[in-house]
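Pasting in a structure now, in structure tokens, and then I'll have a few things to ask.
Chain nomenclature is as follows: A, B, C and D, assigned in order of appearance, with residue numbering initiated at 1 for each chain independently.
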Amino acid sequence: MSSLERVGVSLDQHLLAEFDQLTAKQGYTNRSEAIRDLIRDRLSAEQLEKPTANAVAGIFLVYDHHSTALTNKLLHLQHDHVLNIVASTHIHLDHHNCLEIIIVKDKVQKIQALADKMGSLKGVKLSKTNMISIT
Amino acid sequence: MSSLERVGVSLDQHLLAEFDQLTAKQGYTNRSEAIRDLIRDRLSAEQLEKPTANAVAGIFLVYDHHSTALTNKLLHLQHDHVLNIVASTHIHLDHHNCLEIIIVKDKVQKIQALADKMGSLKGVKLSKTNMISIT
Amino acid sequence: MSSLERVGVSLDQHLLAEFDQLTAKQGYTNRSEAIRDLIRDRLSAEQLEKPTANAVAGIFLVYDHHSTALTNKLLHLQHDHVLNIVASTHIHLDHHNCLEIIIVKDKVQKIQALADKMGSLKGVKLSKTNMISIT
Amino acid sequence: MSSLERVGVSLDQHLLAEFDQLTAKQGYTNRSEAIRDLIRDRLSAEQLEKPTANAVAGIFLVYDHHSTALTNKLLHLQHDHVLNIVASTHIHLDHHNCLEIIIVKDKVQKIQALADKMGSLKGVKLSKTNMISIT
């Protein structure tokens, strides 16, 4: 962790009041922290635009767990990427549906390709991937 | 316009260097301005979450202008909202397709309903709305 | 325009009922049209991922029109891209603020670079770009 | 699970060819499945617009695990929502940073409020929430 630097920003009073109100609602007790988080978010979003950036992601899949063929295909796909899959968590949503969250560390484009493959399997009803850049 | 206030933010040197690099690439010559824009963007996004917030929007529609029935329906919809429609711009994309950008000032939910109605008309191939909150 | 092909899709009754309800609310009178629009949207989103794809965009800028320096810089930027700028529309939002919508036809990455440059100018308070792929 | 219904959609040949190419790249072996997934995605996105819709979410938090105060605050927040927190997974990213994925089942607005509170804690560097609607 490198050392801290102090930066000054001039802000219109009205804009500042609105920002303080929003961040207080979110739970921030510190304006500096709220601004830092905006900057980190922006940089992370920028990183994720690059196909070769390093990222960690959760691939969320909703599927019918009665389909044993699907469970096997998902396992095979995970084993093909075994070095990059960190963990997976399985949750029962209702009698038919379960949610599986597969956590992967890889390049952005590799994660996207794996998520596409998993999401397109017959029996997977919904898929949605959450990516975070890591540096 | 209210008066300016000076705010101090402590930032990790490494984070600051990355932010300076990104904003220089975008064209910013001033770090303070880049941070202000992040704050304005965040507040604007928050406003647009409220169905009754005031906004101005461009409804972009791609359609085949050979369909005269559609042109009439679009005109009728615009006249129903005549007090809120500010302007519209028509652009020829190719032999068949044109792009119409209809600029509307209204509440978020009213704009969304109008955009849905226009986008669902037969002959409209693509529609995409860009909203900006106004205070 | 090529000829039409008929495609059959099997859908769970419950899913279909939900979809019919949503699209009726949006204004669709025809299920086939609603599905076509989903497909066109998906393809357009995919195209816009490619930096060299052709697109048309509206760059929305909110700025204080009392800043004559800014108005000149915006004009210069537009003239540098004169072959690609199709039109621009100017709207008075209130005493201080105006909205300018600059319509550009270019490659995705060129449009993004121009939008970044315009959005980072001192005096531009908000900027937001709406892109549509053209084929 | 209700019974299946067969729906016919007329599609321009050119549009269909593009769609088949995209979905083959993603891994779909079946066009009907690809269209069903588009419909499910659209319905899920619509549901998540409603603050009181039921959802399951992963709240992703990147933080420095050397901050014991933060770890305690996160645990307290989780215990306040104990009935809704399904599981949490902790991953070491590097010497300083870890990623915690907290899985919550609740109403959309409750999940958002919890994610805001967690994301605004001092020491949390990045937060990003992935929500899926459940019916």
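The definition used in the following text is that a residue touches a chain if its C-beta (ideal position, glycine included) is under 8 Å from a C-beta of that chain, and two chains touch if they have at least 3 such contacts.
Computed from a predicted structure; not experimentally measured.
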item: Centroid spacing, where centroids are CA-atom means, of chain C and chain D in whole angstrom; value: 26
item: Chain A-chain D separation of Cα centroids, rounded to whole Å; value: 8
item: Contacts with 2+ other chains: residues of chain A; value: 1, 40
item: Topology of the chain contact graph, where touching chains are joined (line, ring, star, complete, other); value: ring
item: All touching chain pairs, where touch follows the definition stated at the start; value: A-B, A-D, B-C, C-D
item: Chain B-facing residues of chain A, complex; value: 1-16, 18-19, 22, 31-32, 35-36, 38-40, 42-43, 46
item: Parts of chain A lying in touch with chain D, wherever the complex brings them together; value: 1, 23, 25-30, 33-34, 37, 40-41, 44, 56, 58, 60, 62, 86-87, 89, 91, 93-94, 96-97, 99, 101, 103, 116-117, 119-122, 124-130, 132, 134
